[in-house]
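These are the structures in question, set out in turn.
Both of the next two complexes hold chain A, though its partner changes from chain B to chain C.
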Partner chain A sequence: MSKDAVAIIYTKMLDDDRYRELVADDPGVLDAWDLDDEERAVVVEEATAEVSGFAIGRGPVMGYLSKGPLLSPGVASSLGVSLNHASGLPTGSLKGPGFASGAGCCPWGHPAVPNLGGSVQ
Partner chain B sequence: MELRLPDGVVSLDDLTPAWAWGGATGRGVRVAIIDSGIDADHPDLEGCVDVDGGIVVGLEDGEPTVSPGPHEDLFGHGTACAGIIHRLAPEARITSVRVLGEGLQGKAAVFLTGLAWAVDQGFDVINLSLGTTRRDWALPFYELCDRAYFGGSFLVTAANNIMRPSFPSLYASVTSVACNLSKDPFHFHYNPEPPTEFLAPGVDVEVSWRGGGRQVGTGNSYAAPSLAGVATLIRSKHPDLRPFQLKTALWATASNVRAAATPAGRLTGALQAAGRATVSSRATSALHAFASPAHHAAGPATPAAGDEPGL
Partner chain C sequence: MTEAVAPDRAARPGGRWSTPGLVDELLDLAAVERAAVHVAMGWVPKVPELDDKLALAATIEDGMVRAVGLRQQALTLLERDDEALTVDPAVVVPLRRLDVAAAPDVVVDGVIGGAHRFLLARHRALSTRLDPLYDARLLTVVRSAIDALERSMSGAGPGAGPSPSGDEVLAALGRSWSTASGDRASAVALDEALWGPVDRVPVPARPSGRPRPEAGARAHLRSMSRLEHDDIAGELNDNVMAELSALELLCRCSYEHPELPWSSHLALARHIADEERHAAIFRRLLVERGYDEGELLQHGANYEFAYEFPECEPGSAHELVWRLLILCTVLEALAIDKLPVEIASRDWLGQSDIARFLDYISTDELFHTENGLRLTRQLCEQHGLHPMLERERVHGRFFGRQYAVRAAYLQADPERAAREIEILEGRDPDDMPFTSRTEVDLRRRASFTDEECEQVERWGYNPRRHPALDPAPG
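Entry: the complex of A and B
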């Protein structure tokens, strides 16, 4: 559940920059969520970043979400919708659960949301 | 001082792709990549990285430190940018300025120090696929980018992926880039509604990654080096161009500008027909969220009729 919580918080941050600022200014607002120390740290790191590279899906939160168990489908879809919207890309540009066209009913089965494009090595 | 026109140019109509980069390889051009480091041993890079010439910028007791010499890529992002530029300009020499850490994030003071070093070193082209959203750093970056501009360094910056203003991508002294949907790096677009001035391939791009592999990635991070690679070619062929002239060459060779010029057959006509050089509605939809809220306040870019090739 707490991994879902990280995704939900990140989705809120993508949708509303004021919420991101709130987390950055007062991490205590995260007390309302069931986060462990690592999860809390990546969320705060994401919210307070001074400088970031501009590759989609590569930040601390997405790095965290790419490991471990799957997100709940609804949570992943919401995150996908928000990432698509926030990045301004045409629907379907970003691959993976939640990123395909018709994000609410996208195909499932990918190991992680941020697997926007797997290794082609 | 004698005023000379660039070789072979007597009017805007002479700024063709063939004139701009035809036959160029990047030879003689020094490119700095401010990023997470570069995997210099990556086979895709074919030894183009000046390993000993790079630096790592860190923080010690809150003060930026500069450590010269070989270093690795902590993430893969810098290697991706280097690979894109090298593919376009294989004879350019690339130098890594590492300012980002393992999470692809860093401190503004470190970023500023790394960029200042690159500007002071007089690199011809500097790629910035990163930015800061901290307004308290806006002025130092503004002053530094002006110093680069007047010193002759051509700064190419990625616009923020997310609708938040970021620096230095908002400044006139840099060339700000967002994604188009093309796969052809020479099929880039001019955006008539700045601050984001150009669109280049950045969606589902196959990029080199640290450790010798490749990945597929999306973001303005990959659009910026694509345009930087074209700028490197132009710089290689026309080393005396000032940054504003180089930007003008990019404008004149942008796909939508060339398309707008076609009916009249002349760029000068296109210039007079202000607004004809537009971006397609599909490219615009991608651009909107990449640009700043200030850009949004200015309203949408005018959708073009018939400018869809490659999009």
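Entry: the complex of A and C
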């Protein structure tokens, strides 16, 4: 459970920068969670780190989460959504004018074509 | 009483088994078979001509099956001692040279006209020395190999006929084999006889001279009835491109990670064979309907979007997991949801040939998805990754790329964008009365969990919700 708790706190920090700042400025807010010392340390370290772009998701929390048992599926999925949102990436099918919700989803969705040999970042 | 020392069984007159040096010969043959598959895996995306590309891809599953069969027979004779699975690395040196230095046509000729001819001769020679009762199971493997290699050599397809490149590889393999046999002083573990990737291939090769869509254009935009020639040709052709992309990405997944267990390579090889066959059938449908694929658009979109990611170290297990997650557990799993609609539409319109083929594909997608789930779950467990989290992240990166290229295309030409938006948001040209849903029952049969079904449901690709996703009332 406490590993899930770390992931949930990290998800909250990704979703709400004010919460991340709160954790950084006043780690006492973490007392409400059932964290051990190592977990508390990685969360605080994550909260104080300046990360953006591709570095999002490469901090101490993700390193901690890579050890031990799997996260609960719902917690893992929510964290993925928040990481994508924080990175400016889609969190669902592409929608809006010029897109179709099924676009590029499979051979029958017909993808948008990338630049030949160009950057596809 | 002192126990007598048992005589060395290997020193028995005539050798321990029916044929002198039998185990070493099996292992060396397995190494050559495996190395030929390895070269083919690495080169499939680099071969531009589609006939050549598919001919090379068609060698992969049979070769891997032969390699696994020979390895298993050797392991049996070694009383399951994995550490005794050793080979003389010299036997694969000609194939390593082929991988490093060759051009596409040389590789196709080298694998099919060279390595396969060599292997056919070796298997035939071995079969004459085996005992029909002692070696009955091994004979089954060897005879099956002879049959498969004879089929590979007998056609008029690429690489099957005599060629200087094939002759050169054949001769080099023969020289290596004769110098390698006997002395095992330089033997290495069978798995170490393979070599790591010699390159990265971010863009797959396609035939020169064929048109390519503008970046950001949809690979096929339905602006007319599914019964119109242009729509059928565009649809079938884009499906060829999708199958090629899947085939090529899977090949590189195997080639760039020779450290994977043989069972994983075999599973990838089976999947590759399906994609090769699917591409061949879509091309046959094009021919049967009289379309010239040389005039149709070509691309490698799904391969290019899924080959590498800024979040993953190039060549890492993380990158491999992302490739397999997006291809097998997102794109092909969405095909499980979308195919029932496609099949119903084609049957509704009387296009039975297309509907029948899609039915066949649909059954294969269950294996592809199940295979991808199994491989990625194993890899995630080994490398401390969470499948749900990683699938979410790679989904975002893959479609983020599509979003970026599509948005730039739409902004570049507002009039063109308006025309396409009108098409995309207009009525279906055939008023098809079918819509997709997350096919929970099918996905469960492919080992998707209910949480994973909810994940795809949340992405919003399917307009109808499957009732199994809602709790029963009361």
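Throughout what follows, the second predicted complex is superposed on the first by the 83 of 121 C-alpha atoms of A that agree within 3 Å, B and C clash if a C-alpha of one lies under 4 Å from a C-alpha of the other, contacts with A are read in each partner's own complex, and residues count from 1 in each chain.
Basically, a residue touches a chain if its C-beta (ideal position, glycine included) is under 8 Å from a C-beta of that chain, and two chains touch if they have at least 3 such contacts.
Please read these numbers as outputs of a predicted model, since none were measured by experiment.
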Can A:Glu45 be said to touch chain B (first), chain C (second), both, or neither? first
Chain A: partner with more touched residues, chain B or chain C: C
When the two structures are overlaid on chain A, which partner does A:Phe54 contact: first (chain B), second (chain C), both, or neither? both
Going by the contact rule set out at the top, does A:Leu65 touch chain B (first), chain C (second), both, or neither? second
With both complexes overlaid on chain A, does A:Gly80 touch chain B (first), chain C (second), both or neither? second
Set of chain A residues, in rising order, touched by both chain B and chain C: 54, 57-58, 87-90, 93-95, 116-118, 120-121
Any idea which chain B residues touch chain A in the complex? 35-36, 75, 77, 80, 99-100, 103-108, 110-111, 129-134, 137, 158-164, 179, 181, 203-204, 206, 209, 212-222, 224, 282, 285-290
Residue ranges of chain C in contact with chain A within the complex: 202-203, 212-221, 238-239, 242-243, 299, 301-302, 304-305, 310-311, 331-332, 334-335, 338-339, 342, 383-393, 395-397, 399-407, 409-410, 417, 420-421, 424-425, 436, 449, 451-452, 455, 458-461, 463
Mind pulling up the chain A residues that touch chain B in the complex? 14, 17, 45, 49-60, 63, 85-90, 93-95, 116-121
Touching chain C in the complex, chain A uses residues 54, 57-58, 65-67, 70-71, 73-74, 76-77, 79-81, 83-84, 87-95, 97-118, 120-121
